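Shared between the two complexes below is chain A, which has chain B as its partner in the first and chain C in the second.
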Partner chain A sequence: MAKGGPLSLAPSLKPQLGHWARLRRYLSRQEVQTAYAFLAVPMLLLFLIKIYPVAYNLYLSFTRYEMVRAPQWIGLGNYVWVFTERVNQKALVNTLLYAIGAVPTGTALALLVAVLLNRPLPGRVVYRTLYYMPVVTSAVVVSMVWRLIYNTQSGLLNSLLADIGLGPYQWLTSEQLALPSLIIVMVWGGIGYNMITYLAGLQDIPPELYEAARIDGANEWQYFRHITLPLLNPVTLFVVVNLAVSVFRNFGIVFMMTQGGPNYATTNLVWEVYTNAFSFLRFGRAAALSVVLLLIVLLISVIQFRLIQVED
Partner chain B sequence: MGRVTRRQFIGMATMTVAGGLLTACAQPKPTPEPTPAPTAAAAATEPAAATAPAATAVPATEVPTVAAKQVTLTVSLADWNPDVQNYIDKEAVPDFQTKFPGRQVKVNYSDWNRFNEELTTAFAGGVAPDVFQGGAVWAPQMAQRNWALPLDDLIKTASTDWEWADFYPALQDDVTIEGKVLAVPYRMDTRPMWYREDILKEAGVEVPTTWDEMITAAKACAKMENGKITREGWHFADPVASGWQNDWQAYVIFLDQAGGMLLSDDGKECLIDQQPAIDTLQFLVDMIYKHNIMPYPGFEPQGDKSALMLGTAAMLNGGSDVEVRSLKFSPETAGFIKAALPLKGPGGQFTHTWVNKYFIAKTAKDPQEAWALLEYLTAKPTLQKYDTLAGYISPRKSAADSPDLTPSMKVCMNATAMAKVFPKYYRLLDIFRPMANALAEALSNKTAPKEALTTAATEIRKILAEG
Partner chain C sequence: MATIATIHRGPRRRPRWRRKLTAGRALTYLLLTFFALFMIVPYLWMLSASLKPNAEIFTSTIEWLPHRLYVQNYGDAFGMAHMGTLFLNTAVVSVASVLLNLLFCSMCGFVFARLNFAGKSALFWLLMATMMVPFEVQMIPIFLIARGFPLMGGNNILGQGGTGLMNSYAGLVFPNCVTVAGIFMFRQFFLRFPHELEDASRIDGASYAGFYWRILMPNCRPVIATLALSVFLWSWNDFLWPLVIIRDMNMKTLQLGLAAFQQENSTNWGPMMAACVMITVPVIALFLSLQRYFVQNVTSSGLKG
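Right after this comes the complex of A and B.
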């Protein structure tokens, strides 16, 4: 094969063939045909499972569709509804609050745990396993257990607080406390996964840097501040963006613990998509909400890629 | 071993993939069901298409000449508990399959939290069950979505034992939309008052019959410690157990008693900002902040134990399954939990009933067979057993004389005569949501009842206008 890839030809041939002719010649090669034949099946699956539903969803977002009759084009009507409806505004604000609450906290705690468990502690494998267990536990189980913990009258949390003269608090039934209570569950559930990511990053830091700093008389905090933290920047970026995307998409915890209540205090965009689609059969509106959510998540992803490129 | 060429490798890989696809797509031949011996009764009523003879000898006069129809019927249930499931799987389905040889019944056990989306997905995917349960507000929805098969002609083919006239007229009306019967009721969830006999006795009060008597009794029963209520004189609603409808379902009973309505009879006008509705909400707000009878939000259940079972509440409006659930989850206090007729409010002595029903999907492959199953499920003996195990009130008048009824269940049956049903509007769920929001705003003392209900009414009118 000539240098420059499959479409490149020997210099002597270049002036003799146009672009389409070169393409035809390329595609006529057996190995190219075989490669595309193998790619065809996964591409078809990708189209059917991902691309077509997203495209159809986008179309539905511009229609009024309630499964009774064919979708009826209404232009931007659903998008106007998304941004003017009071409940949607609340859902959008809540979604941002979830992110503001869960992302920095989750990132910091994961980093702290990773740094602590990166040391040669006895039984650290056990600790790492314990921290990772929430990640592999079903969201339904996690939610049900936390509901019991949060129970106002008989929950474990209020029982412990009562021993020190505090509470009882209405963790899931108070409009002020419900959202922070769910944030705690989200953070608790995500520490393990992000801890593993940070541990991988920590393994990549050359120990010579710490050795050099030790010789220079640096203390633990200085190691962390001037070596560990800067060198973990790409990992932190990855963790932050992944955590943000996962928080934006969170549904299971809201569904199982509060169903968006009390009084919309914990509703988020995903919950509103679900409610509009399956409770009210307003598929057009649900589609518009999901498109807005997709755009937000895409924006976060684009920011991630740009920042990673800058770092590189 | 010689080197495998690229062509050979591609060939082997292709054959492996193709073989795997063929294996995955191949439908296994159905294992022939062991044909049950026809019962005498079944043989007497079965038409010419009888079953293929089984190992049991068949009387010479009834030698079948045509093989039985092989039909698979699917039914989705959302109202069930382990006892009901045991009955359905071990008794009802085998009995039906015996009476209707060749019919195979597959039961899908779901729950109300996800039932709506399950059915929506099923209908969208063309795999809806033949028979499915539906909630109190489903009949107009099913009509609007065109998912339910009209049953008028099928009801005419029902056996004389079955008797459509045995269903309460109000329930017949509830499932009739634009002159067509769309469903058959299987349970009523009438909500009388329930109380803890021991707590009322301890407080030295009688069972209340009016709103004023209830306030007096609840004040006597409520307990306070360090300025916080530790026992509710009246339990309004569970805060988080089943989501945002809790407050609304509790409020609507008081609304009925106040003579108020959510919508006009024709479903076109919102009446929730009228005086009866405002007065009702004010009454409830006063219970919390003036009389200190109950906190808001109310006490949470502990697992399957409600506030009444735990003794953290003295009285509540509850469903007919309170007794069955008490016996199951709190046998130590179940004996103290009794039902009483609904309270008398300014508008009269009323309560609300949730009428759940069976539908046949319009997409059912064989409506006649689906009807056979639905007829069986709603026949007097089946329904009696089902409702008793589930703790529901039977929608059949003949069930009122059943010896299985406990005193509390008899009260529930009697309360049905005072029960109202939801208006027939297909977007009721959409309307319940702003209602629930208004209730939360007012009951947490953030907004005055009139203002909260006026806001809700504005949103509801927008929904009504959208059509």
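Right after this comes the complex of A and C.
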């Protein structure tokens, strides 16, 4: 009893509030009341559409659920199915192939266009507007127009190629060409958005750097290679991740142009999620497929964070 | 990130190549025009096909201009695809999504920016984390929740027996009525709002709610415009969720109706392209008139959808 007997009672002689009284006092503050009143409805909705679904989806991915009976726990069964079924393997490989095809091309074109448009050219607003238009056009419309262009019997593309003695090609109906054809549409649709991101990044480069390089006698290419490109690294990282995620998630174009065909040549993870859930009513399997999609997206985000830390 | 103003004004310093290298400048224009053609040709082809009879669309030689304007396609498309209903449905859903988003996102943004309560930052970061989750991962549970929504669409209080929010406006709006990106945009704007003005309004006897409604909201028009545009565009163009939640022809949105039209009349290209033009023109017009807010949406939040 080093602290002394009777004296240790002293603090408790002061009027101390109990838990409930403290809580009442906290809840009686106008600031707290306003906060809870404002958050009540939106947070309930956010819980229902953003937070709970992730947990519920994870749970469903470990169950067999076909809407007739309640979900039955089957452990890793759905995941075994995801990685052993041929169609799913095809979807996984295609999802990566889409990204490998669309991300480097899309990034390079967005960068090129942004660098060209970053100069005080007359008419650059017109160009910027034209490049951005596909971003505001729906996937359904985009797909329908490109189907007309890709049409094997004298579609626009085959007619153009016929003029120089090529074709006709089966852009959407041959197993070899269908996937590249869709990649072209994805690149076409993504340039505008990423161009704007790059333009914003270009504005942040201090003009003094170019001034210094000019004194050293650098040429246009050296400006680009040694100043613009390195300083845009964080923007490029953002564009690459953003483009990859949007390509991974592509559904509208696949649905409208090929329905995953021919012979699963253009199927991807999201298409398999949709068909398993809403055509075959296999919600457990579809949930497992979507969790794999989530893991891929999270992996990319983690890599992005790591690279940003390395930059800093 | 640079501000919008600088993007519009262009770089402060004129590079010397403008004075010297006219060849470089010509090359720039050549490249820009080449890419512009790549971007614009599908639109021109869509417009051209929408004004041609079917027989004229597929010809062995490319003809950009129709022999005569075959406007009939537009009337046909309007009737065949029930475009009136589709436009109405899409407009109702888009406007409702925009209004709900503006209300809910600004309320949450205000709370996270200006008020303090237990668990605030944990809640905020939990919400931020959900932004990394693709919608496709939440789609199945959201569908099951919407289908089992109590007391809706013939459901009992336990959410059984009926179809819940399926085939309804409420079902279409449900997953899009509040967005985390919108909350974040409002929060960032409200954080920068001067505290002197808050103190002044508090001294005048305004409550927190009064400060939010009478001082903050009238002063955040750029955020309102940016969020309203992005939500409107998203609802107008959304395809996957309506596909999942709507089966009834009368409740379809434009995108769904167009997809169904393609599946039913896969060779009737003239009316199909006319429908595409009609769906796209409103968004393009909106984009052309409010371009700077679109640009702002990309640069200020870096968030899509």
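As a working rule, the second predicted complex is superposed on the first by the 269 of 312 C-alpha atoms of A that agree within 3 Å, B and C clash if a C-alpha of one lies under 4 Å from a C-alpha of the other, contacts with A are read in each partner's own complex, and residues count from 1 in each chain.
The criterion applied here is as follows: a contact is a pair of C-beta atoms (placed from the backbone, for glycine too) under 8 Å apart; a residue touches a chain by one contact, two chains touch by 3 or more.
Computed from a predicted model, the values in this text were never measured in an experiment.
Upon superposition of the two complexes on chain A, a steric clash is found between chain B and chain C. The wider contact with chain A, measured as residues touched, comes from C rather than the other of chain B and chain C. When the shared chain is aligned, chain C comes close enough to touch A:140, but chain B does not.
Legend: residue contacts after superposition of the two complexes on their common chain; A:148 is shown touching both chain B and chain C. Once the two complexes are laid over each other on the shared chain, residue contacts for A:279 go to chain B alone; chain C is not touched. In the superposed model, A:26 lies in contact with chain C only, and not with chain B.
Touch criterion met: A:68 reaches chain B, while chain C stays clear of it.
In the superposition on chain A, A:217 contacts neither chain B nor chain C. Judged by the touch definition given at the top, the superposed model places A:46 against chain C, while chain B stays out of reach. Residue contacts after overlaying the shared chain place A:18 against neither chain B nor chain C. Look at A:261: by the touch rule set out above, it reaches chain B but stays clear of chain C.
Touched by chain B in one complex and by chain C in the other are residues 34, 148, 151, 153-154, 255, 274, 277-278 of chain A.
Within the complex formed with chain A, the residues of chain C that make contact are 1-2, 6-7, 10-18, 21, 24-25, 28-29, 31-32, 35-36, 38-43, 45-46, 49, 57-62, 104-105, 107-108, 110-111, 115-118, 120, 123, 126-127, 130, 132-145, 174-175, 177-178, 180, 183, 207-209, 212, 233, 236-237, 239-240, 243-244, 255, 258-259, 262, 269, 272-273, 276, 279-280, 283-284, 286-288, 291, 294-295, 298-299, 302, 304.
On chain B, the positions that touch chain A within their shared complex are 10, 113, 116-117, 120, 123-124, 144-146, 239-240, 243-244, 297, 299-300, 302-303, 312, 427, 429-430, 433, 436-437, 440-441, 444.
Every residue of chain A that touches chain B in the complex is listed here, in rising order: 34, 66-68, 87, 147-148, 151-154, 170, 172-175, 255, 257-264, 274-275, 277-281. Across the complex, chain A meets chain C through its residues 26, 30-32, 34-39, 41-43, 45-46, 48-54, 56-57, 60, 109, 112-113, 116-121, 124, 127, 129-134, 136-142, 144-146, 148-149, 151, 153-156, 159-160, 162, 188, 191-193, 196-197, 199-201, 203-204, 207, 210-211, 214, 220, 238, 242, 245-246, 248-249, 251-252, 255-256, 270, 273-274, 277-278, 283, 286-287, 290-291, 293-294, 297-298, 301.
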